[in-house]
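Next come two complexes built around subunit A: one with subunit B, the other with subunit C.
Here is the complex of A and B:
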């Protein structure tokens, strides 16, 4: 029964998007709003249903009934297993929330907005579920093209044009790289189906072509995910996306690319690269830890709230990649749970920023110094605090459980303290911003922080990428705008208390990492044995590390709020030059970003050519 | 299959990449993206090509001669569609950049940096 519903996850939003694109201009505003919300809520429900239905074994759906014959895939399939399905549910939930928010948020919205959001939703759902490598590329492009258009939605502002162009050019470069990798794999195996590729590559040690193809595919997906050094476009683009769209980008879109990478690795390449898994692990861990560290440092050095969140996305994406890179069920389970809990918090915070920007007139924490010190801002302040503490893996809530799973995974021990420190640093950035805005603590100026050029805006002016709105309407419907954000925070915190959630994710990850069983099911329809059930309680070490991370976040926020005069001069002199150097790399030049992309591609290729054998 | 088509694809990819890295004009950048994407068309077609093959049309095909792979041709068509969409978007954005600043030079259009 559930199997018949699989295509609806992409068909429903695509059909609704097509209808709305054709008809929305003739309809009153509430019709497209309501249609889009109903469809997105439907996808959420489907995602939850499929997560529950696929717990015993994955659901394989062949479009048009083109089943494989003699071990050769003729059609295109969706492979639904709990991890992908739960990410589809998250995508649906965030899209629903974002649409509910935009109903009140946009006073006027073009008639294509809803169609684009639904196309983005379909693209993300297909990207998460597709079991065919070329089909993954097509969903990747559908998702990206809708995202480019949505990112540049407030096109009359020049920062928005620049952000959208950088996004489009760098992501397209990544897409071509991905496609080249796919073509090389097809040339070698004659297959596009992931299960069939896995069977065809077998367990022979990888040769040059497989290494090159794997590097190209990895790079293509990491560009989308925003891993260092492919992340430069991300801060330009996410900082100018309108809030409801930005919440989708930062909440799920980046992280989906990591998840798809994990699927491509396990289903397609894990056999061939199995003997070299230590080299794969080290390469990915290096990228993950680099992303976590550079993202966290850059996050702390920003004064603009949306840019802070963009760099937080890079940093926490690195944590996700590191979790995947451990190549263990616990690592993958923790990473996926982290995407869900952290994604809910990031989306909630992005929506809260939008209301803060609207009522206080700026998205810059220095410009907003003390402006939020009114009872009216108590609710946004509360959401700020909850999200910031959630980012630091505050025990015993949702993000803690995910981080604890990564901590308790077998594998090298050195990455976890670094990742926990990065979580603490990103959390400190938001604790600092919240204290500055809502409590008026700390100095009004800080030369270490990147601030928006020009004078701070007056209340009522739109921030970069945000829509204009009628003056004087700042306070109207604010609580209604904040309810979706509050709901997301509550969901993120409550995830840890769903009975057996960690064990379910470990079980699902265990089957995820048995690609031969899945391939057998995909190609012959033979159901795999039920996975062994797991159990999990966080170890004392995980509790201690997470508590230390929370404490460190509070301490670091306090340190960074001290006035410059009272800070030791030597420490400042030591800190300023490297901070400036790191910032100067993020220069908004798409040419430079492409050069970094090329460098990263060559470095990864070289490293894996030398080590994968 | 001779290696020349792959060399052509490599040259197109690197030329497009170099163009984007050094571009001072958004229209030029859009063309470079298209050049880069052309390398994927060439790779796709030559992966499916067979020496002495015939077009993948079974009606009236000569017996005994192999057909070239029709899958990659379908993939190339999909790829072309994708490239048109991306090109249209970049050009639309370049047009907006020109409206904002009177120029299509990336340096004239500055968002926040650092």
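Here is the complex of A and C:
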């Protein structure tokens, strides 16, 4: 029964998008708003239903009814298992929230906006579920092209054009890289189905073609995910996306690529690379830790709230990648749960920024110094605080449970303290910004922080990417705008208290990491045995580390709010040159970004050439 | 980083990237030496299973019809995104369109070619599952006819024949028809996009079942998308022509 509903995850939003583009111009404004919200809510419900229905074993859906013949896949399949289905539910939920928010947020919005948001939703759902390598590329492209257009929505602002162009150029390069990797795999195996590729590559040790193809596919997906050093486009693009769209980008779009990477690795390559899994793990861990560290440092150095959140996305993406890289059920379960809980918080915060920008007139923490010290701003201040503490994995809530799973996974022990420190640093950035804006603490100027270029933070100026609005409408409907954000925060915090949620995710991850079993089900239809049930409670070590991270976040926020003039700290003088150097790499030059992309691809390729045996 | 430094840094990196890619490409089987299992299966069975003589079309609209759905929606989204951005960036109300003077020879020749182009496009779509062609290819040819109207000097005719509302609607309905057929089949109790219509006799226009329907839906969507892109970019272009500002 549930199996018959699988195609609706992509077909429903797409048919609604097409019909809205065709007909909405003849209809009143509320029709596209309501249609889009209903469809997105439907996809959310479908995601939840499929998560529950696929717990015993994955649901394999063959489009066009083309079942494999003699081990050869003829058509395209979606492989629905609890991890990807729960990410579809998250995608649907964030899209619903974003659409509810934009209903009040945009005073005027063209009918094509809804069509594009629905296309983005379908692209993300297909990207999460597809079991066919080329089909994954198709959904990758669909979500990319709709994201490019939505990112550039306020095209008359020059920063928006630049951000959207950087986004388009770097992501298209990533798409070509991914496609080239797919071509190599198809040339070798004659197959596009992931299960069939896994069987065809077999357990032979990897040669040049497999190494190069795996490097290209990994790079292509990590560009979308925004891992260091492929992340440069992300802060430029997310900083200029209008709030409802930016919430989708930072909440789920980039992180989805990590999940798809995990699927491509396990189903397609884990057999061929199984003997070298330590090399795969170390390469990915290096990228994950680099992303976490560089993202966290850059996050702390920004004064612009949207850029802070963009770099937090890079940093926390590194934590997800590290969780996946451990190649253990707990690591994968923790990473997936982290994508969900952290995604809810990030989306909530992005929406809250938009209301702060609208009522206080700037999106820059220095310009906003003390401006939020009114009772009217209590609700945004509360959301700020909850999100910031959530980013530091505050026990015992949702993000803590996710981080604890990664902490308690078998594998090398060195990355976790680094990752926890990065969580603390990103959290401190938002605690600092919140204290400065809503309490008026700390100095008004800080030479270490970058404000958005050319924006003195004049009251009444919209932030980059946000729509102009009449000055009088600032307070109208404010609480209604914040309710969706508050609901997301509550959901993120409450996730930890869903009975057995950690154990369910471990069980699902265990099946996820049994590629031969999945391939057998996909290619012959034999159902796998029921997965062994797992149980999980965070260890004392996880509690201590997370509590330390929260305490460190509070301490770091306090330190970074001290007036630099009062005691010309030697520490600051030491910190300024490397901070400037790191910032100067993020210069908005798309040519430089391409150079870093090439460097990263080659470094990963070289490392794997030497170690994959 | 200035352009020169960047170029100097890129030279060794680019060379290393080329070497890395060549190493991967060297692992491919020699040209024509092997046929993958999928290719072998389709070459043997596709015509018998689907009653169409153009096997690639049967892959595009049947075996891998979901890819085509996604690709069609990529085109749709690209065009809609372009339209969204260009329309919102045009702040001033447009001037009345005016024709560009061209030579009589150009007008007559191009006017003569327009019906030929439309016919060629429709033929390419209709016979897409019998001979090389199909909805994508034919749709682009049909869309080109709208551009030729402009090339003949008839910008006013071009604008009159491609009103935004109509082209938007045609594009959206073409895409919706493709998905709608899949949904109708699903509602009837089959798999999404399953080919459940009668397959007809091989080699005639009445063959292929849903392949023919999806082919036409794609043809409509791609024609409208091509027209719409030309339409939007022409609007941008005519604003830059001398005299556009003075009207």
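Things worth noting here:
Simple rule for what comes next: the second predicted complex is superposed on the first by the 604 of 613 C-alpha atoms of A that agree within 3 Å, B and C clash if a C-alpha of one lies under 4 Å from a C-alpha of the other, contacts with A are read in each partner's own complex, and residues count from 1 in each chain.
Rule of thumb we're sticking to: contacts are C-beta pairs under 8 Å (C-beta built on N, C-alpha and C of every residue); 3 or more make two chains touch, one makes a residue touch a chain.
As the structure is a prediction and not an experimental result, all values here were calculated from the model.
By the touch criterion stated above, A:297 is placed in contact with neither subunit B nor subunit C.
In the superposed pair of complexes, A:40 makes contact with neither subunit B nor subunit C. Using the contact criterion defined above for the overlaid structures, shared-chain residue A:117 touches neither subunit B nor subunit C, since it reaches no partner. After superposition on the shared chain, subunit A has more residues touched by C, the comparison being subunit B against subunit C. Once the two complexes are laid over each other on the shared chain, residue contacts for A:66 go to subunit C alone; subunit B is not touched. In the overlay built on the shared chain, the residue A:19 is in contact with subunit C alone; subunit B does not reach it.
Of the two partner chains placed by the overlay, only subunit C lies in contact with A:208; subunit B stays clear of it. Within the superposed three-chain model, A:599 lies in touch with subunit C and out of touch with subunit B [touch as defined at top]. Of the two partner chains placed by superposition, A:325 touches none, neither subunit B nor subunit C. Of the two partner chains placed by superposition, only subunit B is touched by A:158; subunit C is not.
In the superposition on chain A, the residues of subunit A touched by subunit B in one structure and by subunit C in the other are 134, 138, 141, 145, 148-149, 152, 155-156, 180, 184, 186-187, 192, 587, 589, 591-592, 595, 598.
Within the complex formed with subunit C, the residues of subunit A that make contact are 4, 7-8, 10-11, 14-15, 17-23, 25-26, 61-66, 69, 71-76, 110, 112-113, 115-116, 119, 122, 126, 134-135, 138-139, 141-142, 145-146, 148-150, 152-153, 155-156, 180, 184, 186-192, 207-213, 215-216, 587, 589, 591-592, 595, 598-599, 601-602, 605, 609. Residue ranges of subunit C in contact with subunit A, taken from their complex: 1, 3, 6, 9-10, 13-14, 16-17, 20-21, 23-29, 34-39, 41-42, 62-67, 69-71, 73-74, 76-78, 80-85, 87-89, 91, 165, 168-176, 179-180, 182-183, 186, 190-195.
Touching subunit B in their complex are the following residues of subunit A: 134, 138, 141, 145, 148-149, 152, 155-165, 168-169, 172-173, 175-176, 179-180, 183-184, 186-187, 192, 236, 239-240, 301, 304, 307, 450, 452-453, 464, 583-584, 586-592, 594-595, 598. The touching residues of subunit B, counted against subunit A in their complex, run 13, 17, 20-23, 26, 29, 33, 36-37, 39-40, 43-44, 47, 71-72, 75, 78-79, 82, 85-86, 89-90, 93-94, 96-97, 100-101, 106-107, 109-114.
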